[in-house]
Amino acid sequence: MADSGQAAETRRSDGAAANSEIAAAFDDGPAFIPYLAVGDPSYEASKAYVEALARGGADVIELGLPFSEPIAEGPTIQGAIVRALEGGMTPELFFEFVEDVDVDVPLVCMTYYNLIYQYSPPGSDERGPEQFVARAAEAGISGLVVPDLPAEEADPLRAACDEHGLDLVFIVAPTTEGERLQSMMERVSGYVYVQARLGTTGAKSDVSDQTDRSLQRLSEWNVPKAVGFGISSGEQAERIVASGADGIIVGSALVDIVADGVDSEWSTAETADKLEAKARELAEGATRGQTEPAPSDE
Amino acid sequence: MADSGQAAETRRSDGAAANSEIAAAFDDGPAFIPYLAVGDPSYEASKAYVEALARGGADVIELGLPFSEPIAEGPTIQGAIVRALEGGMTPELFFEFVEDVDVDVPLVCMTYYNLIYQYSPPGSDERGPEQFVARAAEAGISGLVVPDLPAEEADPLRAACDEHGLDLVFIVAPTTEGERLQSMMERVSGYVYVQARLGTTGAKSDVSDQTDRSLQRLSEWNVPKAVGFGISSGEQAERIVASGADGIIVGSALVDIVADGVDSEWSTAETADKLEAKARELAEGATRGQTEPAPSDE
Amino acid sequence: MSTDHATDAEDSPTKAADGKFGDYGGQYVPEALMPAIQELTDAYERYVVNNEDGFMDEFRQRLADFGGRPTPLQRADRLSERYDCDVYLKREDLLHGGAHKLNNALGQVLLAKYMGKDRIIAETGAGQHGTATAMAAAHLDMPCTIYMGERDINRQRPNVFRMKLNGSDVKPVTAGRGTLKEAISETMRDWAASVETTHYVIGSIVGPHPFPVMVRDFHAVISEEMRTQVREQTGGLPDSVVACAGGGSNTMGAFAHFVDDEDVNLVAVEAGGSSLAVDEEKGVAPNSASLSTGDEGVLHGARTKLLQDSFGQIMESHSISSGLDYAGVGPELAHLVDEDRVTPVAIDDDAALEGFHRLSNTEGIIPALETAHAFGYLEEHAEELSGTVVVNVSGRGDKDLQAAIEETEARDIPNAPDMSMFSEGI
Amino acid sequence: MSTDHATDAEDSPTKAADGKFGDYGGQYVPEALMPAIQELTDAYERYVVNNEDGFMDEFRQRLADFGGRPTPLQRADRLSERYDCDVYLKREDLLHGGAHKLNNALGQVLLAKYMGKDRIIAETGAGQHGTATAMAAAHLDMPCTIYMGERDINRQRPNVFRMKLNGSDVKPVTAGRGTLKEAISETMRDWAASVETTHYVIGSIVGPHPFPVMVRDFHAVISEEMRTQVREQTGGLPDSVVACAGGGSNTMGAFAHFVDDEDVNLVAVEAGGSSLAVDEEKGVAPNSASLSTGDEGVLHGARTKLLQDSFGQIMESHSISSGLDYAGVGPELAHLVDEDRVTPVAIDDDAALEGFHRLSNTEGIIPALETAHAFGYLEEHAEELSGTVVVNVSGRGDKDLQAAIEETEARDIPNAPDMSMFSEGI
């Protein structure tokens, strides 16, 4: 796992990463940021899968801590979450997983606010963001993404993240504009998650040109821009990086492979191999994108 | 069949019979008046049954011309009507039956007003009571009972009956009182049908003491009083005649035998024998009643 | 828009106190029932006509509080556009129980209380009148027995359950075909045996006098409200009032206060079934169009127009809507048709289903299949419509969902939704 | 009888315009939806709060004409006698569609029109909100898609058919258990992809601000009428107002105009299900009593009281009435309970069924199983009742006949009718 010692060193200022590892991940060319739900379809299998993503070239990995009502997810990731919950995944097991998994890239926890709000460490009666972030930091988490937590409601979690040196990543949607965009710019840290198009997560074969517009709106932001929602191929990754993204986030296209593995009863190793190959395709696509000129229609 | 020539001779005055045969039936001791639905369960069988009733001692026979909505009948006679209609009985066939049946007692047609109202003789376009009564008289019917025709609506039918020498029998219910009783007394002819108790037709094992009260109310009427509704045994017949009735009317107890015959697949002759025996029991009961003193509680 | 010449709206519905409408009406009942209907006539005159002991006041108050009156008169914007006239809906479907039936049931059960009766009986076909009577009986704490044909019981189990929930006893009638006709006969039989303690709550403007006038008067609140509402909303009287007609109670309820306004067209929409021609072989009329095709006769206590064969036997009628499936019709309506005051129109099963889907998907109101005939009329006679057309929405369609599925599936109805998931029923 | 100290009835329901009720409420939604709910908040303030362009006038007119408002406040004579107090029934069961749900659905669909949206989406559990939305959408000519769990679709086929009849598209949700929770999540997903053209008509006083205040304001007409009616009929304010609570929309509708009258007891009756204890093994709460037993948390966009396990995963809830079967509750109601202004009471399945049969057979009104919980409360807490007790009859029970049969058969309910002929269902 990533060494959490360093993470505690707080150096956050608006737009900059609070967590040195996340900052570092963007230093060296475009970041490829894959997502998987932890525990899908089992603890052991998902450990193998996350490790395969690292081998495939991940710069940061988003680990989903499954919540029973994932309102921002499309059917693919929802399916992953259902499998993980049925497999017995809990927040405590999630943190054990983070401690256990053998990768050396920064790990970002993606979950819904109620699990944070309700979290209490084993043996404790206290609940809430402070407890959650302390335990996350201890386990080696470098940042958080909480899709149902708008900036306006985020102050307690922000404070805890600041204290423990974690980044709190916000999502900017195609519909985010004006004042609202401004206030997010002031609050974001680590990287900004640029939602490529309206809707929920899910692999799409086209890449929206809303992406270009979004990146343009954020061009003055002093923070890496990672684009997600619907990216499923190396070519898309390339095109998006070429449009100016600092990173790409890919979830559903990878979860689709896990789901296929479950349906087709592939061995864990087989699925892991396919994940690694897909990761490589995406990482390479992203790298290619950086060296190409931006598309002319901009 | 009864000779219809005599019937045409009109000698009606309030309370007296318009039809000499009906008048004659009451001259000679209490009259036993059985009822059967014509065509139940077939034309031929019911002919045999009606003839059996005559042999068993009937003084007048009420022949039911079946109507599809017999609202004054209980389930027993309703069943007979359904069987007769299913067997194809029609008004015209009914009149043929009257011409055909071999009995020498007066025949009274019991039916509902719509069949009279709608009647038109074969080949004619004219409809209504006048047509119906003319045909009935021609066939040899001596009187009519129409349970759903109140005295107030009876004028056209009364006129036709008067013209053709038929009696129009009215039913007096236990609830008929006061002015209404008076107006019926003024209209009735042939005999008055004294309804023994409230409700519809149907054999009962007790005989209501409403009968006694009804007979008392009618004691001044200048017309034979025939009691019906629920009489099923010779003893009941006896008791009712002893109470002052001039006749008894029995339907359901006889129809029950026809129904049993249908259910048990008796031969027509077998059913006819049982009907004849029952008729005899009832006729003899009535005769006994006349010779006994009236019950002391009167 | 018709001009509005004054009528005494309060008096209009109480005509024919002698029980005759021309030659129609009367009291063709067994003698045993005559005293009961005379007692009822007397009670009708005292309480209903003359409001003795404040009967009508209590009735109206209970109709408001328990029943939900007044019901709205709603302009149907989308239908108005479709038919290029002003369509208004009189929303009897919003009355407690889901149909106009409660007006009458509540009136009669209350009257029975005033008369000192301690038991209620009623017949029911589809179960609409039965459920209305059961509700009224529970509300007024009266023991109640409902007669219902066995076949109807099996077709209308939800309504049977509703009656039982309301504490009524439902007695199956096995005679004949086990439908409404037999249930009426059976209820008359019970009444003949129990007249002294029992009131028979008849379900439409049929039966012997005083039922036709009494039931009409209880329903006349429909047109009384309509008249006021349509004046408020349009400034005048309607050009037409349209209502479906089985026995004709919602019909006369909707017409009563307009009968004297000769400029208001009154359209009674009957069930044309599958055909107006009689199936001579089976002795069946595949319709219930007694106003359009029936002959004069006597049924269930009254002289009226009937579906009957040449001998005078009552024919089996047919309609997709069980509430219109009756071989007779109220004598007052028969008379108004003979007088050319009411126009009878027969709408067949297919057109009724089109009307059903039309109202459902353009106005968000699912009508009873009975009511749907009135909307089938709008659809089929659109070119005749003009000015203000008020349709009486006699009931809601919740009771008819299963039937609507079966009947829609069996036909090619252009405006029906995709029914594929319902081919097995609901 | 409480004394009536003046409140500004018009202002009272529009509190919490900032979206917070104490710590509850808020806008916990994906960023993609934030602009939409900000736009909605703006529209809410302009049209609903400030009646811009006469929005509220049109809303109220349509509620009257299309919906059938005002609904009556009826004294329940027989229940009053039974419980030795004055029981009044607010008859939302008479609203078009058979439940209070239309108040909100019509308000939101109309608002969507004012906002220039051209498509409506909604979730539904039992189908009551879905049918209300489908009716409103047909009435206002708005294309409409309803998300419904596949399992609920199979349990509530008549309601699915009603929505289709009204022209709505019903989309099955196969995720998870295929019930309400999943349908809400799925609708939010559609919305996240279509916010620019589409309005999400949420079904109760739940979800992110401004939904809880907006839905409450649309339903507040219930207590506005109640207040006037109870004054007219009794001369004062009620001693108690009783309403069942699932999400709590009929509840807040019935309470809104009484919140400032501290002497009026407000009783929110939750579904106690089969037990208030959690089944730890299955991770299931065999009840839906989030006010009585839930913990604070965040669900479907708002912070409120929830049924959740120790990790914060939302638990499956249970109730015989699918409309109360929800793990959350409106944030305003949660806050009023914390403030001791509203008393939560849990009524279990058995008592709810007793309440169902009680109202059916003594008053002639068959309530929805949701509503039946309020009558279970009267039955179980009769000794606490005094003075004027107003019960909100949130809906009628026609939709629940099959469930009532099954649940009654499975228990020994003393006041149920003989059910023998229904053991096979209806």
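Residue numbering begins at 1 within each chain, and the chains themselves are lettered A, B, C and D in the order written.
In the analysis below, contacts are C-beta pairs under 8 Å (C-beta built on N, C-alpha and C of every residue); 3 or more make two chains touch, one makes a residue touch a chain.
Owing to the predicted nature of the structure, the values given are computational and were not obtained by experimental measurement.
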Set of chains adjacent to chain C and to chain D: none
Centroid comparison with chain D (C-alpha atoms), farthest chain: B
Approximate Å spacing (C-alpha centroids) for the pair chain A, chain B: 98
How far is the middle of chain A from the middle of chain D, if each middle is the mean of its Cα atoms, in Å? 38
Between the Cα centroids of chain A and chain C the separation in whole angstrom comes to 66
Among line, ring, star, complete and other, the chain touch graph is line
Please list each pair of chains that are touching. A-D, B-C, C-D
Could you pull out which chain D residues touch chain A in their complex? 26-32, 34-36, 38, 175-176, 181, 184-185, 188-189, 192-196, 295-301, 303, 306, 308, 310-314
Listed in rising order, the residues of chain C that touch chain D in the complex are 64-66, 68, 71-75, 78, 91, 93-96, 98, 134-139, 141, 157-158, 160-162, 164-167, 357, 360-366, 397-398, 401, 404-405, 417-419, 421-422, 426
Which residues of chain B touch chain C in their complex? 67-75, 78-79, 82, 85, 90-91, 112-120, 147-150, 152-153, 170-177, 180, 184, 195, 198-200
